[in-house]
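Read from first to last, the chains carry the letters A, B, C and D; within each, the first residue is number 1.
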């Protein structure tokens, strides 16, 4: 299932070391004037080689749109696009043809398909997320029309967390540093930690927090189309994601209901609002008009620049030392991917919502 | 979207206070000899009125199968079923016709649909999970054929957690106490806490842990069909669920890659296995043959037996005191629902996997 | 796949001789005031036992709605419904447990599933279309809001055809006779033919023509969502349907393009229209605002009241004489089913169309 | 909805005059050794410029595969591909920017989307079928493994029909003439007719017949997954298709049941077969092991090399004379497209069928 979404649907293809990756955005309504620079900017935020704390693989990640946009505007027809792979060192991976990298998808793809592209993780490579960023950028431009903004940031790396709540941070500053953390003091310490970990040939995990503002009441559906269900599915489809929670999330568990309910009140403008937002902007699977916020946990990258023990596909013990170029910490590059998946989820829910009432 | 799954698909209908709820299981392969007692047992585990720590609403929850089973065996045709509602006190809810209960779905359903069944939460009532339990019971019986077992348990209530890892617990003992916690000592303390909270008219949240054993390598798909993505979407569709993580989950964030990778080794029986299982049995979205384990966080129920402030649908301030019968803690009754959703997810993935190779 | 539609989706269950059949309508927007009498009237038009030229099986076909409608209006939540089976003579079918009726689905279901409900055709029985009529009635009431009407009629039985084009017929008279043919003279001859065929223990086929009026320009989608593709798939899913064409259909083949094109012109009201309508109201898969019309061919029912030769499921030669009650000609009862499928197709396309433009 | 299929799924993109068209084949099982020459051969059969009776547009139609095939074999990951457009005369279409060509999709796309690529029909161009041929070629190679062959041919052009039943024709000779008709005598007359029509600046319609051999009993599903329903939907999605029937199809209507039933008998090899095949190899939506055969009607192409009257998008009367290069008769080029759609339909049904039994 390489398709995401119900009405606004992104289908992607492509492996790390094939000629190109890309996708098809189907279900995009006609009439959006596409800001191509913004699409490229989003891709640049995800692409490797941008700072000392991410992989040195250097891909231009130029997107070529093939269809669905005419004279600068979407036509309602599917938007095909490709992104050429260029900076490939396939030979770095010859050793992985028969050896399974621990905690990577080599073994599991082999078990499932019997035949796999072993170069750079093939389809399992996080390089695939470039296609999602394209889909997300288009969705986001559509959301802007409705006053909806999506902001994600690195809120934790290793044992360094941002303690300030999102509402007290300046989210316009996320991309002002390499770590993509709007708390400058935490960002400095995170960067130090990542450099230290990298120097040791090791890797480190963390958390991305995401905030969606401007969604009015009524988005999402009962049951299996609950907004949190769609967001959780979307986030856990990102390579390296290990957990998701929204609102107070796992912290809710320790609390009493009386501490957690969000009382309704009539706001200054006469609308209904809540006095607190422990719910994270969603009740019964449907948005209530408050900010939607959630967290995504990412594991440390499994590729170490150290010798590890493993086995081969013929069942023999082996050792392996990674030679490819890898991220010591995916968090900085995960930030635009979380935003992209959130944008597609929300925009798709918005299109679905058009059929709620006769 | 009231349908769950891709090949094995459950579609449900029904509100808390209508004549019946039920569903259709489509895509169930022919040939399963249905154990009807087991289906009813699963329903009994979820149904209310079973102990002092859950709601006093007393529903028989007898399932009537209407089709798709002939002479005791599934036919490959859709399995329709209904569960009659009986113990309804709809008058308890007359007040909610115009008042929005805080942190419930009253306001959001109203915002989305403009017209709602206000009695007992209507479609948003957790009563709807009875239909999921029926779907899960059928899926589970199919999984048994393949040696796959699913066990969930209450691993936290409020600030009381089970510290022993699942592998050191006797999961056969889950249903031996009202809390559905296999750690008897923790169970006693949890039960005390729930009673105390109930006496205060308050509620409390917690965590369910779930373990899936017997899944061989190869289940799940790349990208948007990743097993963790499907499980996360499934779990976050359960009423009250606030978070999901698998393997070490949110704990991963603080660790280094070198602490986290699961080295492969040749097992005693010649198969490939891992020496640790921080990954939670999934790599690249596909099972690796180790145990799959994950956690689901549940918020405290929002219905308090205390006066709360709110607003009406005509924009006036109001107060509200719940009169319906409610759970002080959903955890015990969430356990069979988590199992049901896990069973449907895994069985559906198994059917999808039949098309992996030519 | 027992689900029809993309946004407005009907999933059905049920066999001819089980306790009940029914379905779930998911995706119905909130706010329709349901006309229950009209739903029952549609069911009555399909149900057996209504005249001398259809089967004598007598089913009340009372629909019980279980959910999704509150205080008379749809809520946006799934509409579950059941129709009890009552007039069952299951013993009539004991012989079919092991013998395959020629040109019925007994053999093919057996080949596919290995296990089947042999009574009255089980799931393959046309009795299942009652659920479609319920779905169609709801869709139709929604379409009425938008001024869209759907009218089908028997346009051919055996070698008796209606020669007058639909536009010259009074389609309000369709249900004024047992054959459901608005051309009274043809209807009389058709009825005679059906009676004669019935007396011989034989059966006869025919054609239903359907006309959809009031669809504005813009319904349907490029490619696989073409309106004619959706209609063709819908119609060929009806038991006994052998063919579909729209506009001039198979007759187009013999003509030249210059005879067939529908020239555009500015209509009296200033809108764009066409001077002829050979296209049947659809161009490039999308409605152009003219009447949509199509034909559906039905084969003669395969159940003869004569001895036929066949084989058993253990591979032995056998003879078989039908004892169940059967239609000599399905055309009269197919008319409301064609209308129902058309209504669901058009209403679903209308909901899909809501996402065409930003 | 630019996606076809349920498990084996083709999603396509691309307009007639954009940089490229292409698609993604998702759900292709791993392990097929791809015959690239055969894919190109199929494309060549569809591509224009191949004979005097088709359009002179000359496209190389070289397919570039981007992913999902590694070392010559499918990997189970999505197969992305593109086909560059090259021989474009976009200026030929400048006139159509504001004028609606009669019986083309110009007006309906405009009505739906408000914004369209007017060059060469844009997305509505039959050029899009090249992507389907790629998908069909891959499906077909998979079907060959199971001994399934698909053969289509031109069985009618204008008033010239092939009278010999398919079973008496040598279907290996289909591609031996420009018309793609295995009856050489009819082929000669058809070609003459097409040339004459072309000389007049006119066009002509016809019928394609398709035969699928080697499908065992059990393919297809009850209800909305009936094989004839899937095939009808697939065929009517082809540009220019106006009708579909299978088995005796529209001819069934005039017959009695006693003439039409296909009696079962035990075949020489001990299997169950039928003594006739009026059913066209399908009963109750599921294959019975006999040949599956069906017809697809195609209208005459709407582009005439004559002046036609029409209107503009600002509501003014206008005349229009086509200047693009067009087919006088699509039948020859429709043959490989019918085969491609049939191949994808059958292979998808085959993958779906893998879940029929436990």
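Assume a contact is a pair of C-beta atoms (placed from the backbone, for glycine too) under 8 Å apart; a residue touches a chain by one contact, two chains touch by 3 or more.
Here the structure is a predicted model, which means the values were calculated and not measured.
S.K.: Which chain pair is joined by more contacting C-beta pairs, A-C or A-D?
M.R.: Contact tally favours A-D.
S.K.: From subunit A, which chain is the farthest off, judged by mean CA positions?
M.R.: Using the mean of the C-alpha atoms as each chain's centre, the farthest one from subunit A is C.
S.K.: From the mean C-alpha coordinate of subunit A to that of subunit D, what's the distance rounded to whole Å?
M.R.: 39
S.K.: Just give me the whole-number Å value for how far the CA centre of subunit C lies from that of subunit D.
M.R.: 26
S.K.: Based only on mean CA positions, could you tell me how far subunit A sits from subunit C in angstrom?
M.R.: Computed from C-alpha means, the inter-chain centre distance equals 46 Å.
S.K.: Could you list which residues of subunit B touch at least two other chains?
M.R.: Counting only residues that touch two or more other chains, subunit B contributes 1-3, 12, 27, 30-31, 74, 76-77, 112-114, 123, 222, 352, 356-357.
S.K.: Once bound in the complex, which stretches of subunit C touch subunit D?
M.R.: 1-4, 6, 12, 100, 102-105, 107-109, 111-114, 121, 123-124, 128, 156-159, 197, 202-207, 216-226, 228-237, 239, 241-250, 252-266, 270, 272, 274, 278-280, 282-289, 297-304, 306, 308-311, 315-317, 352-353, 356-357
S.K.: Applying the document's contact rule, which stretches of subunit A touch subunit C when the two form their complex?
M.R.: 7-8, 27, 29-32, 74, 76-77, 142, 145, 222, 351-352, 354-358
S.K.: Please output the residues of subunit A touching subunit D within their complex, sorted ascending.
M.R.: Residues 1-3, 9, 11-15, 18-24, 26-27, 30-31, 64, 66-68, 70, 73-80, 82, 112-117, 122-123.
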